[in-house]
Amino acid sequence: MTTGKKKHRTEEEYKSLINRLNRIEGQVRGVRKMVETDVYCVDILTQVSAIQSALNAFNKELLSNHIKTCVADGIRADNDEVIDELVKTIQKLMK
Amino acid sequence: MTTGKKKHRTEEEYKSLINRLNRIEGQVRGVRKMVETDVYCVDILTQVSAIQSALNAFNKELLSNHIKTCVADGIRADNDEVIDELVKTIQKLMK
Amino acid sequence: MTTGKKKHRTEEEYKSLINRLNRIEGQVRGVRKMVETDVYCVDILTQVSAIQSALNAFNKELLSNHIKTCVADGIRADNDEVIDELVKTIQKLMK
Amino acid sequence: MTTGKKKHRTEEEYKSLINRLNRIEGQVRGVRKMVETDVYCVDILTQVSAIQSALNAFNKELLSNHIKTCVADGIRADNDEVIDELVKTIQKLMK
(Lines give C-alpha, C1' and ligand atoms only; values in the text may rest on other atoms or scores of the structure.)
Protein backbone atom coordinates (compact mmCIF):
# COMPACT_ATOMS: atom_id res chain seq x y z
CA MET A 1 0.00 0.00 0.00
CA THR A 2 2.96 2.35 0.50
CA THR A 3 4.95 3.70 -2.42
CA GLY A 4 8.35 2.97 -0.90
CA LYS A 5 9.50 6.32 -2.30
CA LYS A 6 11.58 8.86 -0.39
CA LYS A 7 11.32 12.64 -0.19
CA HIS A 8 14.04 14.98 0.99
CA ARG A 9 12.60 17.93 2.91
CA THR A 10 14.23 21.29 3.68
CA GLU A 11 15.36 21.76 7.26
CA GLU A 12 12.66 24.40 7.73
CA GLU A 13 9.91 22.07 6.56
CA TYR A 14 11.34 19.15 8.53
CA LYS A 15 11.41 21.16 11.77
CA SER A 16 7.94 22.50 11.25
CA LEU A 17 6.47 19.03 10.67
CA ILE A 18 8.32 17.49 13.61
CA ASN A 19 7.25 20.33 15.91
CA ARG A 20 3.64 19.84 14.89
CA LEU A 21 3.86 16.10 15.59
CA ASN A 22 5.49 16.65 18.98
CA ARG A 23 2.68 18.99 19.97
CA ILE A 24 0.08 16.51 18.72
CA GLU A 25 1.68 13.68 20.68
CA GLY A 26 1.52 15.89 23.79
CA GLN A 27 -2.14 16.61 23.10
CA VAL A 28 -2.91 12.89 22.83
CA ARG A 29 -1.18 12.26 26.14
CA GLY A 30 -3.18 15.14 27.59
CA VAL A 31 -6.42 13.47 26.54
CA ARG A 32 -5.30 10.19 28.11
CA LYS A 33 -4.66 12.08 31.34
CA MET A 34 -8.17 13.54 31.09
CA VAL A 35 -9.66 10.04 30.79
CA GLU A 36 -7.48 8.82 33.67
CA THR A 37 -8.73 11.63 35.90
CA ASP A 38 -12.44 11.16 35.10
CA VAL A 39 -12.82 14.42 33.20
CA TYR A 40 -16.29 15.15 31.87
CA CYS A 41 -17.08 13.83 28.35
CA VAL A 42 -17.77 17.22 26.79
CA ASP A 43 -14.39 18.59 27.83
CA ILE A 44 -12.62 15.57 26.35
CA LEU A 45 -14.56 15.85 23.08
CA THR A 46 -13.48 19.49 22.78
CA GLN A 47 -9.85 18.56 23.28
CA VAL A 48 -10.02 15.72 20.73
CA SER A 49 -11.46 18.20 18.22
CA ALA A 50 -8.38 20.34 18.79
CA ILE A 51 -6.16 17.37 17.95
CA GLN A 52 -8.12 16.73 14.78
CA SER A 53 -7.63 20.36 13.75
CA ALA A 54 -3.91 20.05 14.45
CA LEU A 55 -3.65 16.90 12.33
CA ASN A 56 -5.58 18.62 9.57
CA ALA A 57 -3.16 21.55 9.67
CA PHE A 58 -0.26 19.09 9.50
CA ASN A 59 -1.81 17.43 6.45
CA LYS A 60 -2.43 20.76 4.76
CA GLU A 61 1.19 21.78 5.22
CA LEU A 62 2.49 18.45 3.96
CA LEU A 63 0.16 18.38 0.98
CA SER A 64 0.96 21.99 0.04
CA ASN A 65 4.68 21.28 0.08
CA HIS A 66 4.08 18.08 -1.88
CA ILE A 67 2.26 19.97 -4.64
CA LYS A 68 4.85 22.75 -4.77
CA THR A 69 7.77 20.33 -5.03
CA CYS A 70 7.07 16.69 -6.01
CA VAL A 71 4.02 17.39 -8.18
CA ALA A 72 5.31 20.52 -9.92
CA ASP A 73 8.75 18.95 -10.51
CA GLY A 74 7.16 15.74 -11.77
CA ILE A 75 4.97 17.53 -14.29
CA ARG A 76 7.92 19.63 -15.49
CA ALA A 77 9.90 16.40 -15.99
CA ASP A 78 7.01 14.83 -17.96
CA ASN A 79 6.53 12.36 -15.15
CA ASP A 80 2.76 12.56 -15.36
CA GLU A 81 2.00 9.75 -12.95
CA VAL A 82 2.36 12.35 -10.18
CA ILE A 83 -0.92 13.82 -11.47
CA ASP A 84 -2.92 10.63 -11.04
CA GLU A 85 -1.26 10.05 -7.69
CA LEU A 86 -2.24 13.53 -6.50
CA VAL A 87 -5.82 13.08 -7.71
CA LYS A 88 -6.14 9.78 -5.84
CA THR A 89 -4.59 11.26 -2.70
CA ILE A 90 -6.94 14.24 -2.65
CA GLN A 91 -9.94 12.02 -3.30
CA LYS A 92 -9.04 10.02 -0.21
CA LEU A 93 -8.59 13.18 1.87
CA MET A 94 -12.01 14.47 0.69
CA LYS A 95 -13.85 11.29 1.74
CA MET B 1 -13.87 26.95 28.61
CA THR B 2 -13.94 23.60 30.46
CA THR B 3 -16.86 22.58 32.59
CA GLY B 4 -14.78 21.38 35.54
CA LYS B 5 -17.23 18.49 35.88
CA LYS B 6 -16.23 14.90 36.47
CA LYS B 7 -17.56 11.67 34.98
CA HIS B 8 -17.08 8.19 36.40
CA ARG B 9 -16.65 5.60 33.64
CA THR B 10 -17.08 1.83 33.85
CA GLU B 11 -13.89 -0.19 33.80
CA GLU B 12 -14.81 -1.54 30.37
CA GLU B 13 -15.30 1.93 28.91
CA TYR B 14 -12.19 3.24 30.64
CA LYS B 15 -10.02 0.45 29.23
CA SER B 16 -11.45 0.83 25.75
CA LEU B 17 -10.78 4.58 25.69
CA ILE B 18 -7.27 4.24 27.10
CA ASN B 19 -6.43 1.48 24.61
CA ARG B 20 -7.61 3.65 21.74
CA LEU B 21 -5.46 6.56 22.97
CA ASN B 22 -2.39 4.36 23.40
CA ARG B 23 -2.76 3.13 19.82
CA ILE B 24 -3.24 6.69 18.58
CA GLU B 25 -0.14 7.88 20.42
CA GLY B 26 1.79 5.04 18.76
CA GLN B 27 0.45 6.08 15.37
CA VAL B 28 1.56 9.69 15.92
CA ARG B 29 5.04 8.49 16.85
CA GLY B 30 4.97 6.32 13.71
CA VAL B 31 4.28 9.38 11.58
CA ARG B 32 7.14 11.26 13.22
CA LYS B 33 9.43 8.34 12.38
CA MET B 34 8.18 8.56 8.77
CA VAL B 35 9.11 12.26 8.62
CA GLU B 36 12.48 11.53 10.25
CA THR B 37 13.26 8.89 7.62
CA ASP B 38 12.26 11.01 4.61
CA VAL B 39 9.20 8.95 3.71
CA TYR B 40 7.26 10.12 0.65
CA CYS B 41 4.50 12.68 1.29
CA VAL B 42 1.65 10.53 -0.01
CA ASP B 43 2.48 7.68 2.36
CA ILE B 44 2.53 10.07 5.32
CA LEU B 45 -0.80 11.63 4.31
CA THR B 46 -2.37 8.16 4.21
CA GLN B 47 -1.10 7.37 7.68
CA VAL B 48 -2.33 10.69 9.11
CA SER B 49 -5.77 9.93 7.66
CA ALA B 50 -5.71 6.69 9.63
CA ILE B 51 -5.04 8.65 12.83
CA GLN B 52 -7.93 10.98 12.06
CA SER B 53 -10.22 7.99 11.61
CA ALA B 54 -9.01 6.57 14.93
CA LEU B 55 -9.67 9.86 16.72
CA ASN B 56 -13.09 10.01 15.13
CA ALA B 57 -13.86 6.50 16.36
CA PHE B 58 -12.70 7.54 19.85
CA ASN B 59 -15.01 10.57 19.76
CA LYS B 60 -17.95 8.46 18.56
CA GLU B 61 -17.47 6.02 21.42
CA LEU B 62 -17.15 8.78 24.00
CA LEU B 63 -20.14 10.72 22.68
CA SER B 64 -22.30 7.59 22.49
CA ASN B 65 -21.55 6.73 26.09
CA HIS B 66 -22.14 10.34 27.08
CA ILE B 67 -25.61 10.31 25.54
CA LYS B 68 -26.52 6.93 27.05
CA THR B 69 -25.43 7.97 30.55
CA CYS B 70 -24.99 11.68 31.32
CA VAL B 71 -27.61 12.97 28.89
CA ALA B 72 -30.27 10.33 29.52
CA ASP B 73 -29.78 10.52 33.30
CA GLY B 74 -29.85 14.31 33.22
CA ILE B 75 -33.12 14.44 31.31
CA ARG B 76 -34.69 11.84 33.62
CA ALA B 77 -33.63 14.02 36.59
CA ASP B 78 -35.16 17.14 34.97
CA ASN B 79 -31.67 18.56 34.58
CA ASP B 80 -32.41 19.93 31.15
CA GLU B 81 -29.21 21.89 30.72
CA VAL B 82 -27.67 18.62 29.50
CA ILE B 83 -29.82 19.05 26.39
CA ASP B 84 -28.41 22.45 25.45
CA GLU B 85 -24.93 21.24 26.28
CA LEU B 86 -25.35 18.23 23.97
CA VAL B 87 -26.70 20.40 21.18
CA LYS B 88 -23.75 22.77 21.45
CA THR B 89 -21.27 19.90 21.57
CA ILE B 90 -22.69 18.23 18.47
CA GLN B 91 -22.76 21.52 16.61
CA LYS B 92 -19.06 21.92 17.27
CA LEU B 93 -18.35 18.35 16.12
CA MET B 94 -20.36 18.97 12.91
CA LYS B 95 -18.39 22.13 12.03
CA MET C 1 -34.32 2.14 5.66
CA THR C 2 -36.73 4.93 6.68
CA THR C 3 -38.56 4.85 9.97
CA GLY C 4 -41.96 5.76 8.50
CA LYS C 5 -42.49 7.98 11.55
CA LYS C 6 -43.91 11.49 11.43
CA LYS C 7 -42.89 14.65 13.28
CA HIS C 8 -45.01 17.76 13.69
CA ARG C 9 -42.89 20.92 13.58
CA THR C 10 -43.76 24.39 14.85
CA GLU C 11 -44.56 26.94 12.16
CA GLU C 12 -41.37 28.81 13.01
CA GLU C 13 -39.20 25.72 12.59
CA TYR C 14 -41.08 24.69 9.45
CA LYS C 15 -40.55 28.08 7.81
CA SER C 16 -36.91 28.21 8.77
CA LEU C 17 -36.20 24.77 7.30
CA ILE C 18 -38.16 25.45 4.09
CA ASN C 19 -36.38 28.80 3.63
CA ARG C 20 -33.02 27.12 4.02
CA LEU C 21 -33.95 24.48 1.43
CA ASN C 22 -35.22 27.08 -1.03
CA ARG C 23 -31.95 28.95 -0.78
CA ILE C 24 -29.98 25.74 -1.20
CA GLU C 25 -31.99 24.79 -4.29
CA GLY C 26 -31.21 28.24 -5.71
CA GLN C 27 -27.52 27.73 -4.97
CA VAL C 28 -27.53 24.37 -6.79
CA ARG C 29 -29.16 25.98 -9.81
CA GLY C 30 -26.53 28.73 -9.59
CA VAL C 31 -23.77 26.13 -9.81
CA ARG C 32 -25.44 24.53 -12.83
CA LYS C 33 -25.50 27.94 -14.51
CA MET C 34 -21.77 28.28 -13.70
CA VAL C 35 -21.04 24.95 -15.42
CA GLU C 36 -23.23 25.94 -18.38
CA THR C 37 -21.32 29.20 -18.83
CA ASP C 38 -17.83 27.63 -18.61
CA VAL C 39 -16.93 29.20 -15.28
CA TYR C 40 -13.45 28.36 -13.97
CA CYS C 41 -13.19 25.25 -11.78
CA VAL C 42 -11.91 27.02 -8.67
CA ASP C 43 -14.88 29.40 -8.61
CA ILE C 44 -17.30 26.49 -8.88
CA LEU C 45 -15.53 24.58 -6.10
CA THR C 46 -15.87 27.61 -3.83
CA GLN C 47 -19.58 27.85 -4.54
CA VAL C 48 -20.15 24.13 -3.92
CA SER C 49 -18.38 24.51 -0.56
CA ALA C 50 -20.93 27.19 0.29
CA ILE C 51 -23.76 24.75 -0.47
CA GLN C 52 -22.16 22.13 1.75
CA SER C 53 -21.96 24.65 4.58
CA ALA C 54 -25.63 25.53 4.05
CA LEU C 55 -26.64 21.86 4.15
CA ASN C 56 -24.58 21.41 7.28
CA ALA C 57 -26.35 24.35 8.92
CA PHE C 58 -29.70 22.82 7.92
CA ASN C 59 -28.69 19.50 9.49
CA LYS C 60 -27.50 21.21 12.67
CA GLU C 61 -30.82 23.01 13.05
CA LEU C 62 -32.84 19.88 12.39
CA LEU C 63 -30.75 17.74 14.73
CA SER C 64 -30.85 20.35 17.49
CA ASN C 65 -34.63 20.54 17.31
CA HIS C 66 -34.81 16.75 17.21
CA ILE C 67 -32.81 16.45 20.42
CA LYS C 68 -34.80 19.18 22.20
CA THR C 69 -38.15 17.64 21.28
CA CYS C 70 -38.24 14.01 20.10
CA VAL C 71 -35.26 12.79 22.13
CA ALA C 72 -36.00 14.67 25.35
CA ASP C 73 -39.70 13.77 25.21
CA GLY C 74 -38.89 10.13 24.44
CA ILE C 75 -36.53 9.80 27.40
CA ARG C 76 -39.04 11.48 29.72
CA ALA C 77 -41.66 8.96 28.52
CA ASP C 78 -39.27 6.03 29.16
CA ASN C 79 -39.12 5.41 25.43
CA ASP C 80 -35.42 4.71 25.51
CA GLU C 81 -35.11 3.56 21.92
CA VAL C 82 -34.75 7.26 21.01
CA ILE C 83 -31.33 7.10 22.69
CA ASP C 84 -29.99 4.33 20.48
CA GLU C 85 -31.52 5.97 17.46
CA LEU C 86 -29.80 9.27 18.28
CA VAL C 87 -26.47 7.54 18.84
CA LYS C 88 -26.71 5.78 15.46
CA THR C 89 -27.75 8.98 13.71
CA ILE C 90 -24.85 10.97 15.13
CA GLN C 91 -22.40 8.20 14.31
CA LYS C 92 -23.50 8.40 10.68
CA LEU C 93 -23.17 12.20 10.66
CA MET C 94 -19.64 11.93 12.15
CA LYS C 95 -18.43 9.48 9.46
CA MET D 1 -13.68 36.79 -4.78
CA THR D 2 -14.17 35.00 -8.12
CA THR D 3 -11.37 34.73 -10.63
CA GLY D 4 -13.48 35.76 -13.61
CA LYS D 5 -11.63 33.08 -15.62
CA LYS D 6 -13.30 30.64 -17.99
CA LYS D 7 -12.73 26.93 -18.55
CA HIS D 8 -13.85 24.97 -21.58
CA ARG D 9 -14.92 21.45 -20.64
CA THR D 10 -15.25 18.37 -22.87
CA GLU D 11 -18.78 17.36 -23.71
CA GLU D 12 -18.35 14.22 -21.62
CA GLU D 13 -17.26 16.16 -18.56
CA TYR D 14 -19.93 18.80 -19.10
CA LYS D 15 -22.71 16.20 -19.30
CA SER D 16 -21.45 14.34 -16.25
CA LEU D 17 -21.34 17.50 -14.13
CA ILE D 18 -24.76 18.70 -15.29
CA ASN D 19 -26.29 15.27 -14.64
CA ARG D 20 -24.87 15.27 -11.13
CA LEU D 21 -26.30 18.74 -10.46
CA ASN D 22 -29.73 17.80 -11.82
CA ARG D 23 -29.82 14.80 -9.50
CA ILE D 24 -28.70 16.94 -6.56
CA GLU D 25 -31.40 19.53 -7.30
CA GLY D 26 -33.97 16.71 -7.32
CA GLN D 27 -32.63 15.47 -3.98
CA VAL D 28 -32.96 18.94 -2.44
CA ARG D 29 -36.56 19.17 -3.66
CA GLY D 30 -37.11 15.69 -2.20
CA VAL D 31 -35.95 16.90 1.21
CA ARG D 32 -38.27 19.90 0.99
CA LYS D 33 -41.15 17.51 0.28
CA MET D 34 -40.10 15.52 3.36
CA VAL D 35 -40.26 18.64 5.53
CA GLU D 36 -43.62 19.60 3.98
CA THR D 37 -45.07 16.18 4.81
CA ASP D 38 -43.84 16.10 8.42
CA VAL D 39 -41.32 13.31 7.88
CA TYR D 40 -39.36 12.23 10.97
CA CYS D 41 -36.10 14.12 11.65
CA VAL D 42 -33.83 11.08 11.43
CA ASP D 43 -35.07 10.19 7.95
CA ILE D 44 -34.47 13.74 6.76
CA LEU D 45 -30.96 13.81 8.24
CA THR D 46 -30.12 10.61 6.37
CA GLN D 47 -31.31 12.08 3.10
CA VAL D 48 -29.36 15.30 3.61
CA SER D 49 -26.23 13.21 4.22
CA ALA D 50 -26.82 11.63 0.82
CA ILE D 51 -26.90 15.09 -0.78
CA GLN D 52 -23.66 16.01 0.94
CA SER D 53 -22.04 12.85 -0.43
CA ALA D 54 -23.33 13.71 -3.91
CA LEU D 55 -21.91 17.24 -3.68
CA ASN D 56 -18.62 15.83 -2.46
CA ALA D 57 -18.51 13.45 -5.46
CA PHE D 58 -19.23 16.41 -7.74
CA ASN D 59 -16.36 18.38 -6.18
CA LYS D 60 -13.99 15.42 -6.48
CA GLU D 61 -14.77 15.05 -10.17
CA LEU D 62 -14.38 18.76 -10.83
CA LEU D 63 -11.14 19.04 -8.87
CA SER D 64 -9.66 15.94 -10.52
CA ASN D 65 -10.37 17.32 -13.97
CA HIS D 66 -8.99 20.69 -12.89
CA ILE D 67 -5.70 19.14 -11.80
CA LYS D 68 -5.40 17.00 -14.95
CA THR D 69 -6.05 19.96 -17.27
CA CYS D 70 -5.69 23.50 -15.89
CA VAL D 71 -3.01 22.72 -13.32
CA ALA D 72 -0.91 20.36 -15.42
CA ASP D 73 -1.13 22.65 -18.47
CA GLY D 74 -0.32 25.70 -16.37
CA ILE D 75 2.81 24.11 -14.88
CA ARG D 76 3.96 22.92 -18.32
CA ALA D 77 3.53 26.51 -19.58
CA ASP D 78 5.56 27.89 -16.65
CA ASN D 79 2.42 29.55 -15.34
CA ASP D 80 3.22 28.67 -11.76
CA GLU D 81 0.45 30.68 -10.17
CA VAL D 82 -1.79 27.65 -10.78
CA ILE D 83 0.21 25.90 -8.08
CA ASP D 84 -0.54 28.46 -5.39
CA GLU D 85 -4.14 28.62 -6.53
CA LEU D 86 -4.47 24.82 -6.22
CA VAL D 87 -2.86 24.84 -2.78
CA LYS D 88 -5.28 27.52 -1.57
CA THR D 89 -8.25 25.73 -3.07
CA ILE D 90 -7.39 22.41 -1.44
CA GLN D 91 -6.75 24.10 1.89
CA LYS D 92 -10.27 25.52 1.78
CA LEU D 93 -11.75 22.13 0.86
CA MET D 94 -9.85 20.51 3.78
CA LYS D 95 -11.18 23.02 6.32
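A, B, C and D label the chains in the order they appear, each numbered from 1.
We take it that contacts are C-beta pairs under 8 Å (C-beta built on N, C-alpha and C of every residue); 3 or more make two chains touch, one makes a residue touch a chain.
Note that the structure is predicted; figures quoted are calculated from it, not measured.
More C-beta pairs touch across one of A-B and A-D than the other; that pair is A-B.
Separation between the centroids of subunit B and subunit D, computed from CA atoms only, is 30 Å.
Taking each chain's centre as the average of its CA atoms, subunit A and subunit B sit 18 Å apart. For the pair subunit A and subunit D, the distance between mean C-alpha positions equals 24 Å. Each of the following residues of subunit B touches two or more other chains: 56, 59, 63, 93. Judged by the touch criterion defined above, the protein chains form a single closed ring in which each chain touches exactly two others. Shown are all chain pairs that touch, namely A-B, A-D, B-C, C-D. Contact residues of subunit C toward subunit D in the complex are 1-9, 14, 17-18, 21-22, 24-25, 28-29, 31-32, 35-36, 38-46, 48-49, 51-52, 55-56, 58-59, 62-63, 65-66, 70, 85, 89, 92-93. Considering their complex, residues 56, 59-60, 63-64, 67-68, 72, 75-76, 80, 83, 86-87, 90-91, 93-94 of subunit D touch subunit A.
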